[in-house]
Each structure stands twice: as structure tokens, then as C-alpha cells.
Amino acid sequence: MVVRRVELPPADAVRALEKYGVSTVHEAQGRTGLLAPYLRPIYPGAAIAGHAVTVSLPPGDNLMIHVAVEVCTPGSVLVVAPTSPSTDGYFGELLATSVRAHGVKGLVIDAGVRDVRPLTEMKFPVWSRAVSSQGTVKATLGSVNVPIVCAGAAIDPGDVIVADDDGVVVVKRAEAANVAAASQQRAEKEEGTRQRLAKGELGLDIYGLRTKIKELDYR
Amino acid sequence: MVVRRVELPPADAVRALEKYGVSTVHEAQGRTGLLAPYLRPIYPGAAIAGHAVTVSLPPGDNLMIHVAVEVCTPGSVLVVAPTSPSTDGYFGELLATSVRAHGVKGLVIDAGVRDVRPLTEMKFPVWSRAVSSQGTVKATLGSVNVPIVCAGAAIDPGDVIVADDDGVVVVKRAEAANVAAASQQRAEKEEGTRQRLAKGELGLDIYGLRTKIKELDYR
Amino acid sequence: MVVRRVELPPADAVRALEKYGVSTVHEAQGRTGLLAPYLRPIYPGAAIAGHAVTVSLPPGDNLMIHVAVEVCTPGSVLVVAPTSPSTDGYFGELLATSVRAHGVKGLVIDAGVRDVRPLTEMKFPVWSRAVSSQGTVKATLGSVNVPIVCAGAAIDPGDVIVADDDGVVVVKRAEAANVAAASQQRAEKEEGTRQRLAKGELGLDIYGLRTKIKELDYR
Amino acid sequence: MVVRRVELPPADAVRALEKYGVSTVHEAQGRTGLLAPYLRPIYPGAAIAGHAVTVSLPPGDNLMIHVAVEVCTPGSVLVVAPTSPSTDGYFGELLATSVRAHGVKGLVIDAGVRDVRPLTEMKFPVWSRAVSSQGTVKATLGSVNVPIVCAGAAIDPGDVIVADDDGVVVVKRAEAANVAAASQQRAEKEEGTRQRLAKGELGLDIYGLRTKIKELDYR
Amino acid sequence: MVVRRVELPPADAVRALEKYGVSTVHEAQGRTGLLAPYLRPIYPGAAIAGHAVTVSLPPGDNLMIHVAVEVCTPGSVLVVAPTSPSTDGYFGELLATSVRAHGVKGLVIDAGVRDVRPLTEMKFPVWSRAVSSQGTVKATLGSVNVPIVCAGAAIDPGDVIVADDDGVVVVKRAEAANVAAASQQRAEKEEGTRQRLAKGELGLDIYGLRTKIKELDYR
Amino acid sequence: MVVRRVELPPADAVRALEKYGVSTVHEAQGRTGLLAPYLRPIYPGAAIAGHAVTVSLPPGDNLMIHVAVEVCTPGSVLVVAPTSPSTDGYFGELLATSVRAHGVKGLVIDAGVRDVRPLTEMKFPVWSRAVSSQGTVKATLGSVNVPIVCAGAAIDPGDVIVADDDGVVVVKRAEAANVAAASQQRAEKEEGTRQRLAKGELGLDIYGLRTKIKELDYR
């Protein structure tokens, strides 16, 4: 099953979410949407946001990633989840070359990736659960742009994927603008707090925690 | 429960332990005190030693880290262990800003950390079992400066924590001077051995292992 | 048991395998021989190939690595597997200094390694399952240059070990020349494909996958 | 957030799904909906199906299970997922006594459970990722009867949960009748196959695999 | 290092703790002292309490268990922790025969055990992290009756070990009588609660949670 | 690749190895050949030995098990390893019915199995790393009766597989008679030791460990 058209999130919201990053966005939407922390970037420093093109595929088979390329558009982030746990290397330099030619910003995969050195040199960011050369076949069908669960998070096609050194978070498409606004508010508020903390003020005082601790202590 | 005053280890011993590093110190004290190797630094190259300020807290709740800041002093290393396994992100850029203002040298946490990029840029070193944006609440009390078990090692407040690219080791406060001296001896002895090995001499001969192997072989 | 003489793979095949790297070699030999992906390099960028000197040793005991040094020759890669799972640090700066003096190109160990910083500075590459300072004893015998299983792969002494940022793969000694040739063919073929993909052609078309998908769909 | 009313799946479909069991149901709905196999029953032999009452709660906090009891009805299966990984014991004999009084058939929890002996004696079935006495607090709010991800599967309130010695599978409420019918068909077909296999006929012949193998071999 | 004499906990407290079991005891002492839940009993139904004889030994070496037998007395529970992670089988039928002859009630080991069938038949209970036939050597010294960390918990010789189907908990020797009394109180209180819950009363009402939830909701 | 004929081990050696069991056999052959302890029996009490029919297959694809049935003979033990890590359910009741009709004694699989309840009822023993309903496809070729690595052990077709509650061990075909004899000797010797230990004699004295400890202590 391949869904070719999905509604996209507003471009300015995506830009804002990319700017604020995973931890701020995760907080700004009420501490939801985080993918499992075993997903790690293959090199440090990458930070992207884009709309999800989702791929569900059988273990050890990357046929559907080739299918997915055709529905990718500039700004897509590929989100790939096998139907059972796997560390195989479903994706490498050739596929990165291909999807980059179609505007894809990066890959999030609940499995393995290979060609880490070339991918690093071409600055194509990947968040994966493993690095593995183990090759895959092209023998069985799956789905593109259907709802999937990737690394413990439910992701719909068109949702915003935000990824950086802290991990990966998903923002529901319809919430993207709100979460972007909330992220900005949080970032601005944190700036003030940072300055006070840097001068030595205590979080106990800034956040009003002393009263709370007393209440907890009396129980 | 918060203990505000703990006896500190001798400053020159701490400096020496920082210089010799985790592997030498671990050997010098009889191969004890190592924290589990799943604790990893968030960026390479950091190497610190300091006295432990210990924090025991419930899973998913970082209230007690805020409490601990108040008892930190220059040279402290925060050592945080949740009461059950967790990968949440209990600590990030704001808390790092706060504890640095109070002289804390780094964080060792048997859980997750977030804001990896800002922490790397501000050179605040962290050894953790995970990187995760997952936020925590401030709803339940724990303890500061009580004996804890962190990543499999028993740690008392005021013990010396040594951490570098090899991991984290704890030195009992009362043993700090002895272990520093033994570390120096070991380092000096290794220097001679290194030169002989570099010339191609065999460890079999330098360490007198040939006799031992013969004995083992005859059994 | 120590086997001192093993037949070596052809030197030009080893050079070629080092050049093409783990993922290409693994594919070129029919997707076999890959060691488990939990083996990771201690620093990025190293890429080596060499003939295996195998070491089987008891957990927590590195005596046999010292024994193995004597049978290493220029171009050797040490391949070490304990007889039961272990993360101890069997190898560090001193042993690296020693084996380098005998021409060893690197270490692959299904266990832990220590002195990561000095090893990185001296550019001695290691692929390990853990970084750990935990010291080992020298109390029990094992074997050198016998067939072993390391990280899930069967390895005979004299086999070619190829290791880079993607992991580690073993090539049977007798197959080294063939696999080197097949690797070259694959690399050349991929170059053409890469250029077509970079222009936006789809893998679906280049690999003729559309017909296959139709067939699969009709079943 | 607590949703009190959810549409229920047809009772006869639930009964049929309970009868056919996890593996048959999973196959009958196209190999989807399986929860991760780390969920294991606390005692062998239990086999249930019922409509999901979902609970999302913070790690180490079971307040929302108490809230959920009020919206349970005869035939409910509690499905509990903490917002980050946890092995704490959120549920034991007292809660089992309570939910049984409200008709709950069992518990599926992506975390720990305790009181295994009393739960076994009262035949209250639980599928969990751990057994742990670790107590939880009642300090933070979560949600009841919202869509959750539990052990890697997306679950909506009112979906059918089927659980037995093979694990746990979810069937979408709207698909329950169809999947029940498909399960019956599969079970009937398997009965015939079983008899032929028991007589020594080969799956190669029964499933027509010889032709397929020849085709694959020619590629 | 072998400590031959340790102070024992009061016998009636040990009996009471055995009766109330791990989950109740863990709660009664403020949710502390639990060993990691990866320790599992080798057969269901065993429930013991006794004073700890602690053993620290190198990985893959069980010499110190043989040493420990000599200091075991009726009511001892052997608590064994290797100095680095291990799944080897340090203990089997012969050692069980031996320690039983000296009154040992069971074994808690942060490693592997073997001879599961004979141990089950002779009803010698073991809580371990693995079942493994992997044999161990007798080549290196360790310690008996020193403070150890076992499965994440700090244990002193003479502490009370309580173990049943829920896992293992340690009670400090000096606290044994208090914790036994608190366990009895908790058990008695739970009995009343159980009857009310069985009649369908809600924990929300019995524990007064409705007010708390309202407060939390208003924040 | 399917090898139809393999040389079988001597039948009386297989019977003897089955009788002595995994731990004794593993010891009798010098503590080698053990498969990783994550392989666990799906029900307690089974104990078998037989000659290995090996199967190497791609992840998520059980076609080659169907192929293997044709080369199974009375006394075979199926040994199945996917080419990359997997927990899928490659084998269930139907395949068990089929292979039993051809004399297969049991299954060892470095992956998952399903239909645990029916398999338990028909007393078809399985040692697996997981229980999972996750279905597999029949789309890609592999090999039957080639050398494989299964759960960390190298296994050739025709080797003897011994499996019981302690796990699984492989005995090389050519060594089967010797290992059977050594197992008998070990079992007989242990009987005498058991009686002495049961009377309270110490292993320290029976095994002459006191001298050894003194030697170790002097170093």
C-alpha cells in the first residue's frame, strides 16, 4: 500500500521547530512524541526538521524504501520501521544519493544503517538504532505513508519530525504551528532563567520549589 | 533527607587522581570501584576528578537535583542515581548553567541527559547511560548526600569521583591519598615498561610469564 | 594451545579489501561473514585489513594476548574472544605499544578495551563491544591461532579481517582474492548507479523493481 | 484526561478471538498488531480476549491505574504504558482484587508487576516486561482511554486485546468481526494441513514451494 | 579476605520477614533495598529469608564460593557477585549439596547457575541472572563476608536477604526487627483494604485520591 | 545450498550424551561448545540429544525450514540460525507436526518460536531466544546442512546437539564417543564427591584447595 499524497505541515512551523530542537519541542508539546533514546545520530551536530514519509517494511528487506523515494518531496524526512526488531543495514550511500536528489533531509530508522563514513562526508544525517553492513533483500511488499510506530512513537505521514543530537521527536501535523509557538515561548522564558542561574541564583528559588518541598515533607 | 556537610578528600590527592585517570586509578586501588561501563561521556576528551555530592531520586523526577545544587561547592561532582532503572533526561543546559555557577565540575548519572549540543559547547562534562529529551517532574522527595549505589558501585558523599574517556571510578575518601600515591607509582613503572615494549621486548619476558605458563601447563 | 605458523592470505588481496571496506566486501561475498554490530570502533575514521591472529581466552584473563604477541607479524590483526560474555578491559595502551612494535594493525575484541584516549592519540584502532577500565588477571591458559567464534562469526587464523566505521567482516583466506575481485566489480558498478541516482533517476527503474512489485502484488 | 465512554467491539467477535489465540489472530489480520515479545505472562496457560482500557502514566507512578478502575466494565483488559521505559511494579494483588471486582479479565503492562504468587493463585493473568516489587508513587496525572503505544503497538481504547502464552496482539475494534472470521477460516484450513503433515507429507509439496524455490534459484 | 564472624540478625525478625515476603518488606522499609529485577528464581514457589554470607569473586572463577562454605551456618543465604558482569555457571548440584549440609537456605547470584533440574528436584532455591552450564576455574582469590554490591543493591554480611517469586530484597541487620514490625502492620492494613476492594469499592475513595487529583488538576 | 547426506555420530554416544546432560557434557569436553544462555526451553523438563540438521536463513523468512524437513531423519535435531538477529516466530505447531512425522527430536533456534501451548501439549521441545507470534515469509533462499554459527557456537551438520533445562551444547561428531566416555567418568566421580559433600566435608579439602589458596595468597 502506497499513499502518494499527504497533507504537509506549514513550512514556517517546520522551520521554527528545526530551530528550537528536540528537547525544547518535546517540552513545549507536553512531554510527548519522543522516539526511544536508542535512536542515535551517526555523526554529531546534525539538526533537522521535515515532514514524515513513513515506510513499514519486513525485516531484512528494503524494497519499500526504493518505493518510497518516488513519493518524497523537498523537505521530506524518511521514517522507516521494520515489522519486527532488526539491526540490518537497510540504507547506505546509494540510497542517500538517491533521496537527496529528491530533496529528502534525512533518515530516521528503527534498524541499522551502513556506509557511515560516506554518509558523514556527504552530510546526510541519519538517526538509527545500529550501524551494520548487513545487506537486505528486495523480495516482499510493505507500505508507504501509512500510520506506523517507530521506536515506540506513533507517526502519521505528514507529521513533523525534529531530530538533533538529543534524539528524535514527532509533532502532529495539525499541532505544528501551536507547538512552534509554544517552543518559542519556552525558549524565551528559558533565556531569562539561564541568566539568573548563571549568576548563582538557585532553581529552588526561581521555580518556587521550597514551598512545595515543605508540603511534600509534611505528608 | 539532605545532608549539608560532608568531609572532603584532600585537594592534592584529587588533583593527582584527575591526572592519572580512571584506568590507572582503578588498577592502583586493586581493581575496585569501577562504575558499570554503560556509563559513557557525552563528548570525548573530558577528564575530571572531584568530591561526590550524591543524589538518590525517584524515576522520572529531578526535584532532588535542584535541592542538591544548594549543597554543592567548588570541585563537586554530582552523582545521581534513580531508585529504579530510567533513561529520562533529568539534566540539561539550565541545570548545567546553575551547577557550574556553584563550582560543580561535572555530572555522573545512571540515567539520561539532554541538551547534548549546548553541554558540549559549554564544555560541561557528563557521563550517562543514555541521551534522552524525556522531561521529568518535580513531585517527589529523595535524598542528597546519603550513601548510594550508582551504576553498580557503592558511593558515599565526599568520595572522589574520577571520570574520563574510559569511564568512571570511585575512590573512598579515606583512601584518596594512598590511591593517588599508588597511581603515581604505577604510572612511573608503566613508563619504563612502555619503552621496553616499544622496542619489541615481549610482555612474556618483561612480566616473567613464561615460567607461569609452564606451571599452568603441567597441571 | 598455540599455533605458531598459519598460512597468510595474498597481500594484494588484503590491500584491495582494505580499500573497498566492510560494506562492499560483505556484499561482494554474498552477505556473509559480518561480525555482530555491537562491535564499534573506539574512534571514527580507522579502516584496516589484515590477517587474523586469533585468541581464545577465559573471561577476565588476558594472559593469552601476551602469548599471542609472539606469533604476530607485520599485517596481523588480533581477534580476541573470551569463552563467555565479558566487558572487561583486556587491552590498553601498553599492549598496543607492544603489538604495534610487532606490526599489528589493530584489534578486534568481543569484550572491552581501555586507555581509549592514548589509543586514539597513537592511532591504534580497536573494535570492541565495550570500553571498560576493569582489569584482568593472568592466571589461566587459552589458545592462540585456533578457530574461534567472535561476535557471532566463525574465524580461522589467517582469514582476512576488514574493519572500518561500518563494523568488521571476515573473509576466508582461500576466498580473499575472489572476494577482492568481486568487491572491485561491485564498486565499479555502484559508481555508475550513483551517478544516475544523483541525477534523480529512481532505483525502481534502475534496478527494474517495478515489474517485480507487480508480480508480488498479484500473488 | 479521562475518557469514560468508549465504543465496545462485538462480544461474539471477542469470544472468537479469545478462542483462536494470538498467533492465529495475528496471521489472520495480515501479521500486524503484535506487541513486542518481551511481554511475557506471569504464569503459563492463561488465554484471554477483551476490550482495551488504556492507561498512559508517568514512570514510577500508578495513580492513573486507580483512576482507570472506575471506567472498567466486565470484559475490560487494562493496557498500561508508562511514558518512558520502566520496570517498576505498578500493579499487585490489591489492584487485581479491585479490578476483578469490576469485571476486568487481565492486565497488559509495558513495565513491571508484583505479587506474582498471589496473582497466580487467584488466576489473574498479567503480561508484563518484568516482575518487580519496586513500589510506585501516586503524585502525577496521566490519561485514561486515550490512544497509546504499548510495547511497540498502537492501541486505541475499545480495541480487542488477545493474550495467551504466545504473547499479546491488538485487533482494531472496527476489524474485530472480520478478523474473527478470518481466524476461523485459517484455523479450519490449518486443521486439514495438520493432518497431511502428520502423515509425513512435506510442506514443500502442500504449499507448492518447489516451483517457487526453482524460480528463486534461477535468479 | 575472609571474615569468619558476623553478627546475625534476630531470628524471629528473619522468620517474620520470610513470612511477609519481598513486596511487603520492600514497602515496609520505605521502598528501598530491592535487587535488580533481572534476578529470577530458577523455579516458582520458593520463599526464603536468611542472613547474608557475601562473596565477591572474579569473573569466571568460583574458588571463593568453596571458601565461603566454611563460614556458612544454619540459616545462611549465599549472596555472590562477580567483580564484572558475567553469566557463567558458578554453582550447581554439588555445591548445593555441600552448602545445604551446612544449613544454607538458598543462593542469590548476580551471574549464572547450572544443574537447574537437580536443584529443582532437591528444592534448593536460587535467584540468578542467567542459567548457564559454562564452567568456572578456581584460580584467583576474592573476598568473603565483606560489603558488596549485588544486582545494584549494597549488601553487608549479616543483612537479611528475603527472596520469593517477586525477586530479592535486602534488609539491614540493625533494621530487621523494625522492618518486620512494619511489614506486619502493612499486611494487616492491606487485609482490610483487600476486603473493601473485593466488594467493588474504589481505591480512589479508600485512599482519598479524588481530592489529590483535583489539586493536581488545578496546578 | 542443500546438503542431503551428512555423516551421523555413533548412536550409542548420542544416547549417552543425552543421559548425562548439558552441564556434564560441557565439562567433559573441556568447557567448550556451549550455546549462549539466552537460549531457553519453552517448557521445563525436556532433555534430548541428536544429530544436527543445520539451517541458515534470512531474517523473517522460514522457507528453508520447509526445505530442511526433507533431509531430516529419525534422531535429527533442527538447528536454525538467521543471518541477522531476529525474534520472529519461524516455527510453530504445524512445522512441529511435520518434523515429528520425520523423526525430529526437537528444535534449537537463535530466534523466536510460536504456538507454545500446543508445542508443550504435544511435548515437542524447543530451545529459543524468544517466544513470538510474528509470522515469517517464504521468499528467499538460504542453506541447509552447511556449517553455521548458532547462538555463538560453531555447528557442523552431523554434530551432536545436547539440550536440557541448563541450555544447549554441541559436541563435534568425531568427538562424540570420547566425550560420552569422559562424561561417564565425570558423572561417576561426581557421585563419590556428592556423598562426601552431603556429609559436610568441605570442597576446600576434597579438591585440595587449601594449598592452592595459600600459594595464591603469597604472591
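All chains are identified by letter, namely A, B, C, D, E and F, in their written order; residue positions are counted from 1 within each chain.
By our rule, a contact is a pair of C-beta atoms (placed from the backbone, for glycine too) under 8 Å apart; a residue touches a chain by one contact, two chains touch by 3 or more.
No experiment lies behind these values; they were computed from the predicted model shown.
Of all chains in the assembly, those touching chain D and also chain F are A, E. The chains that touch both chain C and chain E are B, F. Although chain A and chain D share one sequence, what matters here is the overlap of their interface residues, and that overlap exceeds half of the numbers used. Matching residue numbers shows that D-F is the pair in D-F, C-E or A-F whose interface repeats A-B, with more than half of the contact pairs in common. Inter-chain spacing, taken between the CA centroids of chain A and chain C, is 31 Å. Taking each chain's centre as the average of its CA atoms, chain C and chain F sit 28 Å apart. Spacing of chain B relative to chain D, judged by their CA centroids, is 42 angstrom.
Residues of chain B in contact with two or more other chains: 31, 83-85, 87, 132, 134, 139-140.
Chains touching one another, given as pairs, are A-B, A-C, A-D, A-F, B-C, B-D, B-E, C-E, C-F, D-E, D-F, E-F. Across the complex, chain A is touched by residues 58-61, 83-88, 132, 134, 137, 139-140 of chain F. Contact residues of chain F toward chain D in the complex are 43, 63, 66-67, 69-70, 87, 89, 92-95, 97-98, 100-102, 112, 114-117, 120, 130-135, 138-141.
Chain E meets chain D in the complex at residues 21-23, 26-27, 31, 34, 37, 40, 44-45, 47, 164-167, 169, 190, 193-194, 197-204, 207, 209, 212-213, 216-217. Contact residues of chain C toward chain F in the complex are 31-32, 36, 83-85, 147, 149, 152-154.
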